[in-house]
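In the two assemblies presented below, chain A is common to both, partnered first by chain B and then by chain C.
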Partner chain A sequence: MSTDRSIVPGLETAALRSEPFYRRHLPLIARVGVPVVISLLVGAVVLAASGFNPLSIYSMLGREAFGSLDRIDATLAATTPLIFTALAAAFAYRAGIFTVGVEGSFAFGGLSAAVVGTQVGGLPPVLAVSACLAAGLLAGALVALVPALLRAVWGVDEVVTTLMLNFIVSGVSGWLVQSYFLAEGQANSATGYVASAAELAPLNPPNQTNGGLLIALALVVVYAIWVKKSTLGFQFAMVGSAPRFAVAQGLRVRLVIITALVGAGAIGGIGGASHTLGIVHRYSEGFSATFGFTGIAIALLARFNPVGVVVGAILFGALNSAGSTVQLFVNIPIQLIDILQGTVMILAVAQFAVPRLLRNRRKRRGATVEPADIPQAAEKKLGDTE
Partner chain B sequence: MTNATGSTHSGPAADGVEACRIGASGVSRSFGPVRANADVSFAVRKGSVHALIGENGAGKSTLMRILYGLDFPDAGSVLIDGKAVVLAGPRDTIKRGIGLVQQELAIIDELTLLENLVLGEEPRRGVSIDWKRARADAKKLAESVGSRIDWSTPAGQAPIAIQQQVEILRLIYRGADVLILDEPTAVLAPAQASQLLRLLSTLRDAGRTIVFISHKLDEVIEIADDITVLRAGRTVASLRGGETSVQDLAELIMGDGAVIPARPTTRPPGQEILTVDRVSAVDDRGTQRLARISLTLHEGEIVGVAAVAGNGQEELAEVLIGLRKTNGGSTRLDGADITGHSVRRRRRAGIAYVSADRKHEGLALALPLTDNAIATPRLGSLGAHGWLSRRAVQERARAIFERASVRLGSPSDPASSLSGGNQQRVVIGREMIDNPRVVIASQPTRGVDIRGIGFIHELLRQARDEGAGILLFSEELDELRNLSDRIIVLQRGQIAGELPGGSSRSAIGDLMLSQTAALQTITGGAPFSDNDSSKGPRS
Partner chain C sequence: MIDNLINAALVFAVPLVLAALGGAVQRRSGVVNIGLEGQMLIGALFGAILSGLTGNWLAGAAAGALAGALVGWLMTAVITRLSANPIIVGLGLNIVVFGLVGYVLRTVFEVSGTLRIPGLQKLPELTIPGIADVPFLGAVLSGKDPLFWLAVVLVPVLAWTFRNTSWGIRLRASGASPASTTSLGIRTNSVRDSAGIVAGALAGLGGVALSLGAVGLFNENMTAGRGYVALAAFYFGRSHPLPTALACLLFGFFDALQIRLQTGGGVSADLIQTIPYIAVVLVLAVTGFRRSRRSSRVAV
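Let's turn to the complex of A and B:
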């Protein structure tokens, strides 16, 4: 052992570095770019089959998304809620928690902000906005609390609970609006408009992009620093990528799980509040254009990379804003945008299968027996140990 | 008594007269640096029961997989009917009349026993299955081996012994006259086991050939016509069943290489640190694995734990670090009850844990080495107010890497970039850095190169000399002999006996393998007062 003391750099690292080549080395651009390119090709086939020139339609889409300052502003306005929802999903995924409940938190946050917003007319704007955002945060977190406790204490699968809770939240929100917060003279189920003091002002009036974008970007930055530098953020990564290890090391697995779910709900709730204060100024039925679910797709594309979250949100925001106006000029099938988004989502999800497929192929080829996949066993243990 | 250094090896078909139905000639198979089989030769006479025995890792399973065409030898060949053949895979093997019963039965729970029996070979009438004939065949088959089976039972509801019988009968139904059974009695209660042995001898008497892998030497003596002993991948003996004894077999299995001088503590062990008092626990499937086990660990001693796989050693390690719940008994650390405590609390109280499953529990392979080094409940001390200090993190990681002489490129490389031996050094370094009170070390040198082994042993000895109590779980008997101040042997979740550290391999082996090992305390040391539970672990 005396000859063994020195740390020799470079030895036996390069050759043995075999494992997730795919995950670590493929740059973010490729991970986001490949699904996008493939989905554009799919869309091109659909367009060509419908008798359109794909290139001209795509260039029109590009112009409508980024062709002028006004269009860029519209794209960023459509991007803003997606940054919140994608960040919320990414936050939970970082800890290996797959939440689909951001949609519910977004809606409930939006409702709470609208309700509070109608009551804060007398306050200075900073306080009014803060109160509404806080209400959104709390409401979003509240929605996520039940799945969080179910998961952390009894190991109940969070995908099922968060998905189901979306429906409950939607029903409860509708009932609350109808019973307590209905604006007078409204046929539809909608609250009154928030006080002007509580509005998030447009950055470049009369366009729609508003202070919510700055809040969203600030949250992304905070997340990026927190996850790298904080002890809890560190444990998020541990629980997310090596759950059994985290348990055996006595890390705070239960706290991580609860924080991941509740935190995702809180971020989604702030997103809903920002959407209320900045764009629609009230809560009405159909408040969220499935932002929560689009956010999942973006988070899957980006994994938990903060830059990826922003890039992905801009991408989907551009599709949304351009898609809605292109319709005005050309009679393209309205479903084109859905096809493009859907293809990207499918490919984003499919990426998760790639490392496993590679592993299976290795297993089939080599006779070395790798231990069986961990997740199930690990999850079982996560449930009952801290 | 047979000399155990390999001189008793006699070649295949030693008698040369009787027909060899299946066998191996000079089979070698390596996995990386591990030689699972090295020049293995043996021949199974037609119409005999041939037992294949050896320690864990002696190469039995690899050999069995090769015989069945699931794996292929690097050198040498499989013999069928005396001729060297190249098997094209299990399908080909079955066609040649050879069937395999693995420990995990290939029974489909949702189907009835009858459906399981004929699955894939259903008797047909026109396009439909001829169930009448299937039932008649099944009845005849069961009768021919003197067994009564209710064929309409859903397989999932049948006892495991019946499932196993059906699996054997299925192979016969498909025309197999050679049956390879991998530890078939491991999953059975004693009464069922003797029933299975009777079934096997019935089949033998009907002219079938049986290859039988087992750890239970009294069974082997009872039923086997011939016995082949493997050790470290080599055939060390081929014997006739009637000409040997459990004692001889145990010695052959263990071998007794050069006696390694044990290095016991220079001073007597100090006060009790860890006390396990009548602890019981079940495994993930709910099988009772620890049955009111009691033991004590003192300051400054290494206690080795020896057991044949599945006798509760994994569960004991997991219980002690808090990964597994107990269903009875209590655990005390320095006199304070820690029975229900979490992993986190135990680690904070000074219990360290080296997991046998390095890939999943010992390390986060995809994450940087630094992160792997600092991931303990003491994380919070590497900074303040919930934030990590970069400097504190790097200093601690470096201290760990230096202490364990880890050879690494960059600390930000993922743990998977290191060789197995260096990975384990990271684990050991991390667990030892805070001078733990108690170390639960499970297979600490598995997959580690020789130099790494020596180094890890030295670290463990150092920790002991500094006053830690170490519980060492190992499949390597030499490691146990070399490191332990005393060795306890587990059987069926209880302590079968205790030996001094330097005991011979065969002494340990006897205790591990004996069915009747009573609750004997062979040497001094802490007496085990309270494991006189009359209930067996499988009750």
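Let's turn to the complex of A and C:
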């Protein structure tokens, strides 16, 4: 990894800071804007090819996402799980740890919360909810523990192990539900519903947005402060941007690696628990609608920035909530949303010529390079997996 | 009964072997292909459509391979030319392909999920006279489709190609050390792109084996994670053709066993499905352990 690449947005030099606002943020805006615009174009082509007017569909999507208080509420409900998963991804990537296992942590956290939630009917709500969230946290962290130890102790590449863990978790969860937690009289394999004491109450009944959003936002604030103020946050940045140097400096690299992976798992687990308690109230097959993977796309688009995580989650949440209602009015398959999301995900990690030119120009002027992304570090690592 | 199990294991292994060999080729060139799943799905769809239009399985197989190759090339080009992270691009590709296929099924063909094409020709089953009735050999060799034999032939052919052709050597060099390969005047990116095309074509054929194989229809969920099992297989086989194919055979056997157990009861099918993935984690752990014993450097 070349040393002039900092993955951490907060570490640009003063030279960069003194530039005017628009120039300082131009690469960031381009980085976020280009994937989104191209994806919308791809979607427009698909829509036009199948005989729909892209503009009217997109304006309908916009209306369905933000058109009324009820729709905004639905969008925020769809945003909530994505804030958790994106935050989890951002947390680990900051230390250069490239986990794709948040999906598994989310699902296992959700299952644990559902199991605990069915047992805590006698407790006061605060305790019941806390118990479920704690179960989710522990379960999510547990999923991440194996890849974390393998990575920290033997240097086993975490990308593949976390990806594999997702499938293992999905199988184990299915087995657990089938064998131990199956609700009686259910056709598909699902747990029973959680006790009403353990439900996260809607903020504006009968709409769906619930206390989970507040938990998510609180975590974002904690993350933002942690990034700027804490020693460990600084160590994450050090290990992420220059791992060998961090070792040479005597930083506790192993601790950072384990914390990054297990922490991401824990955040994902809380997210799954909040999804159980706030929205679905039970665990069933297909619990996570690839929230973990969408979270990766958001974290990369946002460049691990806390505000960016929230904005990106709202963007993808809007797509999800609008997509599911638009198909009720016009005969548009909801798969359109998958096309848009996947394209954003691919393009979010692609480096286009424009930012590259800007970077070169800046290099010639002697300032630092803009934050390059972690994928390269991960790619480098993938090279010596074997 | 044992014959049935062997036959089923081999049939299940064919799509896995084709896709995993593709993944192994690309892994050797230095790119991990997570998009095998999507490439298989595209191959399965185009194979079914073209076989239906022409009434000829060969045209279907060619179309599936071409479609897979195109998607594989696009995916690899994003990785090599726009220096994007292969994992994310692969995951994104699978989401896009799944979305596109579902969208096209619903708007163009106006079906939800399953596409039955009238006039579709399935892969022919090649019965070998004389061997078909021999107890064990018959189950292994007879009644298999052409893609089974392609998979069998590909294993030694690929191993030979890696070792003896200039393309194979450039491919391995690009994977082992892109910097020094580039310094020798080899276009690493082009080599990787070609590997991506081969991988896509093979994954597409794997999809064809699904849609034109036993059932003879297309379903949007028909790959059902096989692309990821193929990924597990080439990791397990460390991208060498024979071990990769054997891993697929093993996973195909578990698949067949699981279906048998589902009807017979006993061990949970959900747990058996996790075996390929657990195997990969174990292999990576052992590899990492050995490497850490050898090197004195701090593992970071």
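By definition in this document, the second predicted complex is superposed on the first by the 318 of 386 C-alpha atoms of A that agree within 3 Å, B and C clash if a C-alpha of one lies under 4 Å from a C-alpha of the other, contacts with A are read in each partner's own complex, and residues count from 1 in each chain.
Following the convention adopted for this analysis, a residue touches a chain if its C-beta (ideal position, glycine included) is under 8 Å from a C-beta of that chain, and two chains touch if they have at least 3 such contacts.
All of these numbers come straight from a predicted model, not from anything done at the bench.
J.: Who contacts more of chain A, chain B or chain C?
T.: C
J.: Check whether A:322 is in contact with chain B, with chain C, with both or with neither, and answer first, second, both or neither.
T.: Neither partner.
J.: Quick one: classify A:115 as touching chain B (first), chain C (second), both or neither.
T.: neither
J.: So, does A:230 touch the first partner chain B, the second partner chain C, both, or neither?
T.: first
J.: Quick one: is A:252 in contact with chain B, with chain C, with both, or with neither? Answer first, second, both or neither.
T.: It touches chain B, and chain C stays clear.
J.: Return first, second, both or neither, reflecting whether A:244 touches chain B, chain C, both chains, or no partner chain.
T.: In the superposition, A:244 contacts both chain B and chain C.
J.: Touch test for A:133: chain B only (first), chain C only (second), both, or neither?
T.: A:133 contacts neither chain B nor chain C.
J.: Scan A:87 for contacts with chain B and chain C and give back first, second, both or neither.
T.: After superposing on A, A:87 lies clear of both chain B and chain C.
J.: After lining up the shared chain so the two structures overlap, which partner does A:311 touch, if you call chain B first and chain C second: first, second, both or neither?
T.: neither
J.: Check chain A for residues that touch chain B in one structure and chain C in the other, and list them.
T.: Dual-contact residues (chain A): 244, 246-247, 374, 378, 385-386.
J.: Mind listing the chain C positions that touch chain A in their complex?
T.: Residues in contact with chain A: 30, 32, 34, 78, 82-89, 91-104, 106-108, 175, 178, 225, 228, 232, 235, 238-239, 268, 270-271, 273-274, 277-278, 280-281, 284-285, 287-289, 291-292, 298-300.
J.: So in the complex, the part of chain B that touches chain A is made up of which residues?
T.: Residue positions touching the partner: 31-32, 71-72, 284, 321-323, 325, 342-348, 353, 355, 357, 359-367, 371, 375-377, 379-380, 382-383, 386-388, 401-402, 405-410, 413-414, 416-419, 422, 451, 454-455, 458.
J.: Can you list the chain A residues touching chain C in their complex?
T.: Contact set of chain A toward chain C: 46, 50-51, 98, 100, 146, 150, 152-157, 159-161, 163-165, 167-168, 170-175, 178-179, 239, 243-244, 246-247, 253, 257, 290, 293, 296-297, 300, 331, 333, 335-346, 348-352, 373-376, 378-379, 382-383, 385-386.
J.: For chain A, which residues are in contact with chain B within the complex?
T.: So the residues of chain A touching chain B come out as 1, 4-14, 16-20, 23-24, 229-232, 234-235, 237-238, 241-242, 244-252, 367-368, 371, 374, 377-378, 380-381, 384-386.
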